[in-house]
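The same chain A turns up in both complexes below, where it pairs with chain B and then with chain C.
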Partner chain A sequence: MKATFRKSMIWLHTYLGVILGWLLFAIFFTGTLSYFTPEMTRYLMPERGHISQSQQSMIAHSFAYLGTHAGEADQWRIALPSERSAHWSVQWREGKQRRTVTFNNQLAASENETETKGGLFFRNFHYTLQLRGYGGRYIAGIAAMAMLLAIFTGIYTHRRFFKDFFTLRSQKLQKWTTDFHALAGILTIPFCIMICLSGIFIYAIMYLPYTANANFEKGERGVNSQIIPSLPNLALTEKVTGDDYLSNVQPPVPNYAHILETIANQWREANPIARITVEGVGYKDSRVIVERSKATTVSTRADRLVFETYTGNPLKGYDDETLPAQVRRILYGLHQANFAPIAMRWLLFGLGILGCALIATGNIIWVAQRKKSARQNPFTLALVEKGNVVAVAGLILASLSFFIANKLIGYNVAGRAQFEVNAFFTVWALSAVHAFWRAKAAVAWKEQFALASGLCFFTVVIELVLFRDRIVNSIENLDSVYLSFIPAFFISGIILYWAAKKIGLRIIKAEIATKSTKPSTCVRKEQK
Partner chain B sequence: MITLVFLLQLLGFLCLMLAMNKHAKQAGNSRILTQVLRVLPSSLFTKLIGWMLLIASLCLAMASIEITSIAMVWWCCTLSAALLSIALYFSSLP
Partner chain C sequence: MNNNVDIALRSIAAILGGYAVSALTSFYFAFIFFHTFKQQEGVAILSGSMASYFVFFALFIASFAIKRTLKWCAFLIAFSAILALALPLVSPLSNPL
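What follows is the complex of A and B.
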C-alpha cells in the first residue's frame, strides 16, 4: 500500500497498463478493425460484388429458386444483402442437412464461395484471442475489467488534465506523448467505458454463472434458450396442395406480395428487410418470420413480424423480452454498432484507434520514464520496450500479412482460410524474433514500421495488378465499399512511412549526440 | 444536421478553452488568440456560453434524429471529434 490514496491509484494505473497493455492493445486493435467486419469480408471475397437489385426482386427470385430447388425442405431462409455485406443467400434445411446458395447481381447461383475467415477473423480474435474453448473469452473479460479499472484510476491520476487538456506541447517528444496520452484518455472516456462495460455484459452470464446455475434448469448453458422468447412449436399436420390456396402454382409458394405490402406500410425506411425465414414449408400452418434490418435500433434484436405463409395474414409475434435482456441487447448493440451509418462508423473507428494510441502511449511513457530514472532492472526494461514493438508494430504487420495471404493464396488451395490465420501468427512471431534480436528497440520500431508501410503499398500493387477486372467492375457499379480499401491501404502506408522516417531521424540525432559527447568524456578523463 | 451539431460543439469547446486560465495565458503567445481574447467578455460569461452551446448541440441532435439512443451515440462521437479538433487547432497556433 502506498502512502496516499492518489499514489496507490497511480501505482495501480501504471501496473495495470504495463502488465495488460499488450493484451489490451491486441483486443482494441482487432476490435476496432471489426467495425468493418462485413466490409473486410466483402473485400476479401472477389465474388461479393455490388448488388443493385431491389429487395422485392431479390425476394421474388429467392422464393422462385427455393420453390424449384427446395420444395421438400422443412425450412427456408433468405438473407438479403446490405450495402455493407453484399451477401445475398438462400438456405434450406431438409432433416439435419443444410444447404446454402449465394446469388450475385446477375442472379447467378453459386454453392462455392471463396474459403476465407474474412473480417470475422479479427472480430473473433478480439474476444476469443483464438483460444475459444481454452479460456480466451475469460482472458478478454478480465482484460476488459482491468481496462475499466485503468480508466477510473487514470481519471484520478491525470485529474489535472481536466483543467488543461487542450494543450499538446509539440516541442519535446516525451511531453507531447504524455499530453497525447491524457488527451486521448479524455476523448475516449465515454467510448472506452461503453466498450468495456458492454463487452463484459455480453458474457456476463459466463463470468458470473452462479445465479444462472442456481435458478435455471440447464444452468448457464441453457439460460439463453429459457429467457429469450420464442414462437410456439408448429403443428404441421396438413400439407398444402395446389387446390387449396394457390390453385395453379406447384409447388406452393408463399403469398409474399401481401406480406411485403404489410411490411411496407409498417417499416418505412429503404430496404427494411434483413432476413426472411419460412418454417414448415408446404404445410397449411406454415409461417413466415420477417426480420427488420438493424439500421433503426441500437439493440441487436431488430423487430420481427410473423405471418401465415399461404394467406399472408399477420400472426401474433414474439413476446417482449424482459428488461434485463433488453438492456443486455442494447449494450451488445452498442458494442457491435451495427446500427451505425458509415459516417458514425468512421467516428467510432477513429475513437477505437485513439483507444489503441492511448494504450500504446501509456506503455511507451512508462519505458521512457524508467529509462530516465535508471531505477528499473535492465532486463525488465528491455522486455517491456521490445514487447511494445511486438504488440504494436508486430500486430500491424500480422494484420497486413493476413490480407496479403488472402490475396496471394490460390482459390483452389485446400484449407486456405487456415493458411491466412497461419500467416497472421507466423508474421507476428517473426516480428517478436526481430524485435528481440535487434539491440535497440528504436531500430526495431523503425524497421517494422517501414516494413508495414511497404506491405501496405504492396497490397495496393497486388490489387491493381491481380484484380484489375474487379476494380473496373467496381468503378462501373460505383462499389465504394470495395474501392475504398485501396486508398485506405495507401494512406496507411504513407502514415507508417512517416512514422518510420520520424523514428529514423531520432535515431540519427541520438547517434550524433552520443558521438559528440564521447570525445569530451575522453578529454576529461585524460585531464584527470 | 449532424454537421451543425458538430459546429455547435466546436464553438462550445472553443469558448470553454478560451475561458480556461491556462489556455488564456498560452494564448498570450498567439497573435490570433490575443485578438480574440481582447474582444471576449469575462471568462465566466464565455464559459457559460460554451456550456450553453454544448447543451444546444445535444438538443439539436435529439430533435433532428428520430431515435434517441442513436442521437446520443452521434452526439458522443461528434463531441470527441470536436474536442480533438480544438485540441489540435490550439496546439498548432502560431
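What follows is the complex of A and C.
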C-alpha cells in the first residue's frame, strides 16, 4: 500500500470519508436532532400543551376513564406525560383494534391528534434512512463501522493532539478548515466512539445473525426472548367481584391507591412513574406493571415493579438482566441519552453538531486539496464538490421544510404526515438540482445557506403569526420546551445568514483577484 | 501490481474477508463464553457477536496496512477455510469443550 502504516491510515481516512461522508453527515445530523425527539413532536403538535396535574390525579382520572370506557378490555396501558413529551394517554384493545385516547391539562379526552410523524421522523430516518425493510438499518450499521474506522485512522492522521488542539489559523479559510477539522475531531473522539459503538451494538446480532440462527429456531428473536427477562404467563380463570375486596376497591379499577403508596416509599424522586400496564383486567390473578421514568437510569430499561391488581400486594418482579445484556442496554441508553437532564442534552446536541461539522469539513478539505492538483478528474471533483452542498445545505433545507410543512398544512388534510415527509425529500431533491445547475459550488453554498437562513426566520414568523394563542398560553404556563424552539430557530437563522455572508464575501474576493490578475497577463503577453 | 487492482483486492479483503472471518469467529467466541464463563446460550451469542466486531475492525485496518496484498488475501482465505471446516466442533454451542 503506502510506505508507512501512518500513510496507509491517512489514505484510508481520506477515502472512507469521501465515500461515506455524505451518508455519515445525514445520519449524524438527523441523529443529533433526535436528542430532542419528544420535544420536536410536542412542538409539531399544537394540542400537546403543558400539563400541570399531579401524577396521582392523572392516574386516578385515567383509571376512572378506563373503568367507564374499557371495562371489557383485557389490557390497559397508561402513559404519563414527562416534562419533555407532555403526552398523557390511555390505551386498550377492543377486539383486534387498539384504541388510544389522549388527555389535556383540563382532563378533556380526545381520540384525534395531529397527524404527524413529529420528531420520530428524524429519529427513524437516522437509522433506517427511510428504508426500513429494504436494508436501511444495515446501511446505517456500515456507516457506524466506517465512522469508527475513520476515527481510528483520523487519530493516526492527526497524531499531534496538543498541537492540533491549540492551532486555529483564521487568516486563510483552507487552513482554518483543516485546523477546525482536527480540533473538532479531538473534541468529539469519545463522543463519536460511544455513538458509533453503541449504534452497532444495538443491532449486534442482526448484523451477525449466524450464531443465533444456528442455535435458536427463531434466530435473533429466540436469543432476545431468552436474555430479556419476562413475567410468567397469566392464568386468567376467575373473574373478580367488588365484594371480594375492601370497599375502596371497585373492580375493574385496580387498588391503585395502595400501589402508589408502596411506590412512593421506593422511588423517591418527583414524578417517578412513566407507564402503568394492567394485564388481565377484571380477573383475580390480574397484575399491574409500573415502569419508572428513564430520567434516573443510563440503561434503556427503567425499573419495573409488579403488583397484584386488586389487593395491591407486591409480586415477584422481573429478574435482573445478565451483564452482557445490561452492557447492550446501557450502550443503547447512552446512545439515546434519555437520562440526560436538559443542560447535558444540549451538551450532547453540541457535540453532535460538532460531529456533523467534522464530517462536513472533512469532505470540504478533500475538495480544496484536490482542486490544487491538475491530475484530478474534473468530473469526480465537481461531483464531490456539488454533492457536499446537497449533503450539508440540502439536508438543512429539507429538515426546515419538514417543520414548515407541518405548520402550514391544514390539520384536517388527509395523509398530512406523508405530505410532510414528501416535503422533506422534495426539497432535498430540489437542492440537488440547484447545486448541480449552478456553475460554481461556492454560489450554491451561499444561496442554499441564505435560503436556509430565510426559512429559519420564516418558521419564527409562522409561529408568531399563526400560533399566537399557543405562545401566550405557553408563557402563562412557563412552558420552556415549546417556547425555546422560537429562539432556537432564530439563532440558527443568524448562524446560517453569517455563513452565507462569509461565503458571499469570499466569492467577491475571488472575483476581484481573478479580475486583477487577468490584465497583468495581457500586458506581459504584449510586452513579449 | 497495478495500484487499482491492489486497492480493489484490499477492499475485498477488508470488507468481505473481514466480515467472513468475524462471522466465523462469532461462533468460536460464543462457544468459549458459553463454556468458560458458563453463560446462558443467548447471552453467550450476544457476547460473542459483540466481540467479533473488534475482529472485523482489526482485519479491516490490517487489510490496508499489510505490505503484501496477495499473501494477506491467501491468509484470509486459508484462515476462513480452517474456521469454517472446524465449525462443527463449536456449533451448536452444546458441543463438549
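We take it that the second predicted complex is superposed on the first by the 512 of 528 C-alpha atoms of A that agree within 3 Å, B and C clash if a C-alpha of one lies under 4 Å from a C-alpha of the other, contacts with A are read in each partner's own complex, and residues count from 1 in each chain.
Going forward, contacts are C-beta pairs under 8 Å (C-beta built on N, C-alpha and C of every residue); 3 or more make two chains touch, one makes a residue touch a chain.
All of these numbers come straight from a predicted model, not from anything done at the bench.
Asker: Check chain A with both chain B and chain C modelled on it and let me know: fit or clash.
Answerer: Superposition result for chain B and chain C: fit.
Asker: With both complexes overlaid on chain A, does A:104 touch chain B (first), chain C (second), both or neither?
Answerer: Touch status of A:104: no partner.
Asker: Using the touch definition from the top, say if A:211 reaches chain B (first), chain C (second), both or neither.
Answerer: Once the two structures are laid over each other on A, A:211 reaches chain C alone.
Asker: Answer with first, second, both or neither: which of chain B and chain C does A:343 touch in the superposed model?
Answerer: first
Asker: Considering only touches as defined above, state whether A:224 meets chain B (first), chain C (second), both or neither.
Answerer: second
Asker: Of the partners chain B and chain C, which touch A:330 in the superposed model: first, second, both, neither?
Answerer: A:330 sits against chain B, while chain C stays out of touch.
Asker: On the A-aligned overlay, A:201 touches which partner chain: chain B = first, chain C = second, or both, or neither?
Answerer: second
Asker: What is the angle, as a multiple of 10 degrees, that the CA centres of chain B and chain C span when seen from the CA centre of chain A?
Answerer: Once the structures are overlaid on A, chain A sees chain B and chain C at 80 degrees.
Asker: When the two complexes are placed on top of each other via chain A, what is the minimal CA separation of chain B and chain C in Å?
Answerer: Checking C-alpha atoms only, chain B sits 21 Å from chain C at its nearest point.
Asker: Which parts of chain A are touched by chain B and by chain C alike?
Answerer: none
Asker: Can you tell me which positions in chain C touch chain A when the two form their complex?
Answerer: It comes out as residues 6, 10, 22-23, 26-27, 30, 39-43, 45-50, 52-53, 56-57, 60-61, 64-67, 69, 91-93.
Asker: Within their complex, state which residues of chain B touch chain A.
Answerer: Contact set of chain B toward chain A: 2, 17, 20, 22-23, 26, 67, 69-70, 73-74, 76-81, 83-84, 86-88, 90-92.
Asker: Within the complex, which stretch of chain A touches chain C?
Answerer: Touch residues, chain A against chain C: 1, 5, 8-9, 11-12, 145, 148-149, 152-153, 200-201, 204-205, 207-208, 210-212, 214-216, 222-227, 322, 324-325, 327-328.
Asker: With touch defined as at the start, can you tell me which chain A residues reach chain B in the complex?
Answerer: Of all residues in chain A, those touching chain B are 163-170, 183, 186-188, 190-191, 296-298, 330, 334, 337, 339-340, 343-344, 347-348, 350-351, 354.
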